[in-house]
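Below are two complexes that have subunit A in common, paired first with subunit B and then with subunit C.
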Partner chain A sequence: MEFADWLFSGDFNAAIVRSLLVAISVLLFAIAIGLPMGTATAIYAFRGRRLFLALLALPLMVPSFLWAIGLSQILDLAHITLDNKVLRGLAPVYVFAAFATPLAVFAAFLATKSLSGTQIDAYRLAGSDGWVFARLMKRALPITFLTTLLAAIMTLSDPGPGQIFGFSGAASEILVSFSALYDFDLARRQSLILALVAIVVSLPFIVWYGPRLSSALLAKETTASRLAHNKKVRRFAPMVYILMLLFLLGMPFLGLIKPVLHGFALDYAFHELIRTVANTLFYALSAGFIGTLIAIGVVMLFAGKKRAILIITLALLIMVVPSSFLAVSIIQLGSSLSASWDWLFRSRLIVGLALGIHFSPVAILLVLKRYSAVSDSWFDAARISGVSMIVFYWRIIAPFLAPALALSVLIISLLASSEIGTVLLLRPPGEDSFPLSIFTVMANASESLVSTLCLLYIGLSAILLILFWHVLVRKSA
Partner chain B sequence: MSLKQIVLQKVDKRFGDVMALQQLSFRVGSGRHLAIIGSSGCGKSTLLRLIAGLDRPDKGEILINDELVSVAGKIIRAPHQRGVGLVFQDLALWPNLSVFENVALVLAAKNIARSELRTRVNEALQLCGVAALRNRKPSEISGGQQQRLALARAIVSRPDFLLLDEPFSGLDLITKQDLIKQITNLAQQQGITLVLVTHDPFEAAELAQDLIILEQGGIVESGTFDALLKHSATPIMQQFRRHIRDVRGV
Partner chain C sequence: MASHKMERLKQTVKFFLTCAISVCMVLFGFLASADNAPEVVVYTSVDDVFARPLAKQFEKQSGVRVRLVSDTEETKSTGLLNRLIAEKKRPRADVFWSGDPVRAAVLKDKGVAAPYHSPAAKGLPVRFSDANGYWTGFSARARIILFNKNEVTEQQRPASIMDLLNPSFSGKVCMANPLFGTTSMQAAALFELLGDEKAKQFFTRLKKNKLQLLSSNGEVRRRVSSGACAYGVTDTDDAYTALRDGKPVGMVFPDNDPAKSGIEGLGVLIVPNAAVLIAQAPHPDNARKFIDFLLSPESEAMLARGEAAQIPLRPGLAGPEIFPALNKLHPMRVDYSQLAEKLQTLSRGFLKDWVADF
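So, the complex of A and B:
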């Protein structure tokens, strides 16, 4: 009883424990669903396989608080009030699961796809379909666990859903300290504690599973296995996907539809979009380019397969540090420097810089994967031919890395475009991004306006996703 | 006038605790093609890398055309200034450049006039039988064609010596025979001395007059191929001798 009282008290340590409980629940849910689905999608053929995977990417492009708004609308419609503290904690689990489960699916999918066709055939010769599936899931588990753990850790620094459901997690407490109490020192201390907790919790797993991620990431690209046919999977997999998409995305989406049934507030929504689109693009693209530049620097500086594990560990550690800690550290650094640094610390570029650093691990892993395919003998051939290193990097290495660099700019830009915590803390006055403007108006604006803004955001993300999917499908064809 | 030759004098090379080459001394003279055979891991490729200047010896000296090019712990002449071409075991083709560009980049580094560059690249591609593929990427041509492209890149700078690091691995018999014929003709036309590294005595027999048998980083036997075929006590040559006898017996 005493623990329960403490857990729901205003103590910041209790807020951290609450956030950790949410993160653990998200982790378990996402792995339970994502591991079998990702593994099955990698080895079995069924209708709509590619489309389902593409749809699963949508939650990764949309800020979590949009789904939270939709879910709260549905709960209103069903006359469910979150007066119970446990229920209030379950709502963010639901919302964060919509973000973490797709990641778990993708991780299990890619981990299984990293096996060659002959390796999978060898499994198939050794046992029944069920046995093969179980072995492949077991093999994909470490990478899926690590990826999902990172997603769960990232929920610690996301204040969005907590704010909407009245669930006071660690990220919400930091936001309140900074934006409502204007107590910067408190926010700094809280961010530091949260960062330490995130590192301590994830470090053993990073050290434990990092080498596995390294060997999977640096594995030579092999001929992919042919998809197997299984009657049960063919029949049930599309149904499971549809159910999961309806449960995780369909319900909040319906919640967003409800307030606009009586009319869209399109004028205001487009006005907001136009007002903030330049900032949103600037933050997203500058983060994409900065994150990719950091990745190029790290990979080139520590190039060499023996140091790959070091790079991967470093990348994973950067990833688990909450974005609020980075943002607060930048604010502190900016305030300790002279006014001659204002061009950077009071500009929009600082937002891009912070987001670029925060998401740089994504680029580091992508660039490292591509760079590991560069053969040492290419360098030797250049040396023996008298090709200067500048020409060699410009003519050979840069074009070779270009697809990975473009992909990392794109992915970081997409992730950064939906981030609100860092933008909220670091943006110059009045320079909101589109998601931040929704986050700012949601408490005071009409439901119809908020829903219109959310649907506009989701619609734009879906268009981007379709374009991206179209390019990928065309390329793979 | 200096002699066109490669001379190694008491060369050692060590990787950590492993002695890759020890006290290696030999000479490859102009016009005499040399094959170095031995089992995997005996130091064959390391030897080529030392001659090419891609690695430095820990002890000893390497001379090319009577000029000191490497001494213990130091490379005196850079790889591209040694007059050697190298066909790598994995071919080391630059994947994003076309067949033409793969060869042209070698000459572009030498500040040759554009028209001459084009002529020489086309000539090399023609000699190696890949001129028709000039606009394709390495991934768009077959294994044998890739091998020919690697050869064209190695000879375009008109080297005195062509080092071949197991260049025929993974090729079918007919393609291999074609390529061997092509290399022999090339060497004759261009006056190039060949140094072939292989684990296959059949390949050595086709291309080289002289032979070195390497084991655990040291020379076990050396001499002309014919002499070693008759008198060698090494298992690899005994096996080869037996095989030839059996085939002739049939």
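So, the complex of A and C:
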């Protein structure tokens, strides 16, 4: 059989290869765009820098199926049919890239920002602007690569865009086993195979970049770097951001706007918002806190240069398991326990717990990166001075880790706020989230109602992000 | 050195545990709320916009609070059926209100459903319900062919599902993935009525005629409405939504006229809702009350009048104006309980390969 025939066959192994091709494309695209953009944003001043960064976080808050629907509507308007198997694979790449690229930008931005002012000044003294930029990108590459790798791994277990565009990847095959055949055992086996393949493919990169994650980030001096002024960057960076935002968000957004030209359904949308806003915030924030706590535990118990590979491998394993699969396992466990466990397994907390576990790898990377910068000499100094470890952790380590912990809570909350599968399966009766309320009406409600709900969600997310960014910047200033 | 490391580890664990317990206590405090009002927990695969008004009406009439858990077939979530199966040992749901009888039959097969012969089912045709009372059918949708009026002339309208194989329809037809939802039910029904060989030929020829395979019936509605597809195989509620939104679409009930049908006696596939009592339901009395309410003529009338535009199964009840009454339709003669079994076999074999090869 020809490779092309096999690749597009119904074989599960072929589906894994198709999914890997999509994931690799997303990874390469996101790094190629995100690494230079994130690094430049961290070291250069240009107009609208904070606003662009805030807007770029929007795809993290919006479920992937919303972008897929928007893109699908735009393709319809343009009378473009995805009648080619390669095109059907490219559409999910586009939707996933809208999610992975911002993560790459933020990772590069934070990695560069974590370098001290002295380090960056030293680079500036040693070479030209271009040379400095290249060196800083190289320094930011390990964390950017690993973060984007996590995003790419997540695409393996997300069947949404593939289903909408008719792309049959490994996640779709697992979904069929799960939803059409109700065969949990088959779905389990397929998930295990997918996880193993993902680990085998990722392992060389983990081995290469894992130890560098620690060694590259040993900045002990915390003088903040200052923003540099560069005419070219000042002129072109806003244009690049605008093009990027238009490319990644503009097209699907237009697809959502078209139906509301016939009328808004604001009454219903606000009613749904009020009904679900408390749960949405609770699920998101509890996931953020729990995911971060898990990360603290994992990193502190296993930290050390040699164990970085182990930790990152563990993170990837958690990430590649489909969230709904974890949710069903939790339901089965909860049902087999006595009612005295219902306060946990049948409450809203379980939603946060499941989401926290699912997204904890992102927190693990962030906390690992920060914790790697803690010097053993700090512990020695505390011991010699007779300071108890609790006081030492509370007064020294906790404040040192605080920025990474806050960021971790924020990012996991953003990711969790848009998750559907887990909330759908684990929410207590009547305790919907806002994205879920969109999900449950979008099949048969009018297009204008669905689009009003989607736009309200996107608009509120954007306002929250801008406000948060503004407060954060003012506080740090 | 080793003791130093051990001490550091112990302190780390203590710190972590302190943080974890503090946060858990705060969260537990937030969650601690008791509500002893009478209630019924209803899981439904019917869209929230259709199910919620009925739930509100039941609350008004009975004083029993309905805790609704909705799902949708759009984007093929892993869904409530999996949740019900996973919760089988100690269920949370009292009632499953299914949008189609196949999912209800799956619950019966998995031992999740309990028999209940509701007195309110009087007047409902028995052929749309399980003979042993594990699920009871009421208000229905039907499988139709939706077409775009700007793309299709009067002469080009199909009369039978078999017309879609005509070369003049090449590249113009779309359909949802037959592994999921009501499309899967229609596929199983065709296999049941035509026999395996003829049904396989039908699907193979459909593919050769450049069928566009889409993710859901909602997507079929959107594509036909925009003209990207001239014809789409979907449900009556999708047709109603498109017409309500002012889209230039029309619909055909395929094989309704035996004289024009491609296969004599094939008929229209009727997709009734199904009410299922969950075995070991936590609130069994309220569950029976809710099922009685769902099966009542008033509920059928509400579902016909409202956005759901469902066709009542009871003779004599007024249905949505845009659809013919059930007695004007020539329904497919299928055993809904057997369709679930057939579908399980097809989903593992022919249909899975057929979809993968697209």
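We adopt the following convention: the second predicted complex is superposed on the first by the 297 of 477 C-alpha atoms of A that agree within 3 Å, B and C clash if a C-alpha of one lies under 4 Å from a C-alpha of the other, contacts with A are read in each partner's own complex, and residues count from 1 in each chain.
The rule is short, and it goes like this: a contact is a pair of C-beta atoms (placed from the backbone, for glycine too) under 8 Å apart; a residue touches a chain by one contact, two chains touch by 3 or more.
Since the model is a prediction, treat every value here as computed from it, not as a measurement.
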Query raised in the report: Does the superposition put A:414 against subunit B (first), subunit C (second), both, or neither?
Result: neither
Report task. Identify which of subunit B and subunit C touches the larger number of residues of subunit A. Result -> C
Query raised in the report: Who does A:42 touch here: subunit B (first), subunit C (second), both, or neither?
Result: neither
Query raised in the report: Touching A:166, do we find subunit B (first), subunit C (second), both, or neither?
Result: second
**Report entry** Which superposed partner A:95 touches (first subunit B, second subunit C, both, neither)
**Finding:** neither
Requested in this report: Based on the superposed arrangement, let me know which partner A:375 touches: subunit B (first), subunit C (second), both, or neither?
Outcome: first
Report task. Could you tell me if A:386 is touching subunit B, subunit C, both of them or neither one (first, second, both, neither)? Result -> first
Report task. For A:396, decide between first (touching subunit B), second (touching subunit C), both and neither. Result -> first
Report summary line: Dual-contact residues of subunit A, meaning touching subunit B and subunit C, are 383
Query - Complex contacts: residues of subunit A adjacent to subunit C - result: 8-10, 15, 65, 72-73, 76-77, 79, 81, 83, 159-160, 163-166, 168, 175-176, 178-182, 184, 262, 282, 286, 289-290, 293, 296-297, 300-301, 324, 327-328, 331-332, 334-336, 339, 343, 346-349, 352, 379, 383, 389-390, 392-394, 420-421, 424-425, 427-430, 432, 437, 439-448
Query raised in the report: Hey, which residues of subunit A end up touching subunit B in the complex?
Result: 375, 377-378, 380-381, 383-388, 391, 395-396, 399-400
Report summary line: So, in the complex, the side of subunit B touching subunit A is made of residues 49, 52-54, 78-81, 84-86, 88-97, 105-106, 108-110, 153, 157
**Report entry** In the complex, subunit C residues that touch subunit A
**Finding:** 4, 7-9, 11-16, 18-20, 23, 27-28, 30-31, 41-43, 47-50, 67-83, 85-93, 106, 110, 177, 179-180, 184, 210, 212-219, 222-223, 226-228, 237-238, 241, 244-246, 307-308, 344, 347-348, 352-353, 355-358
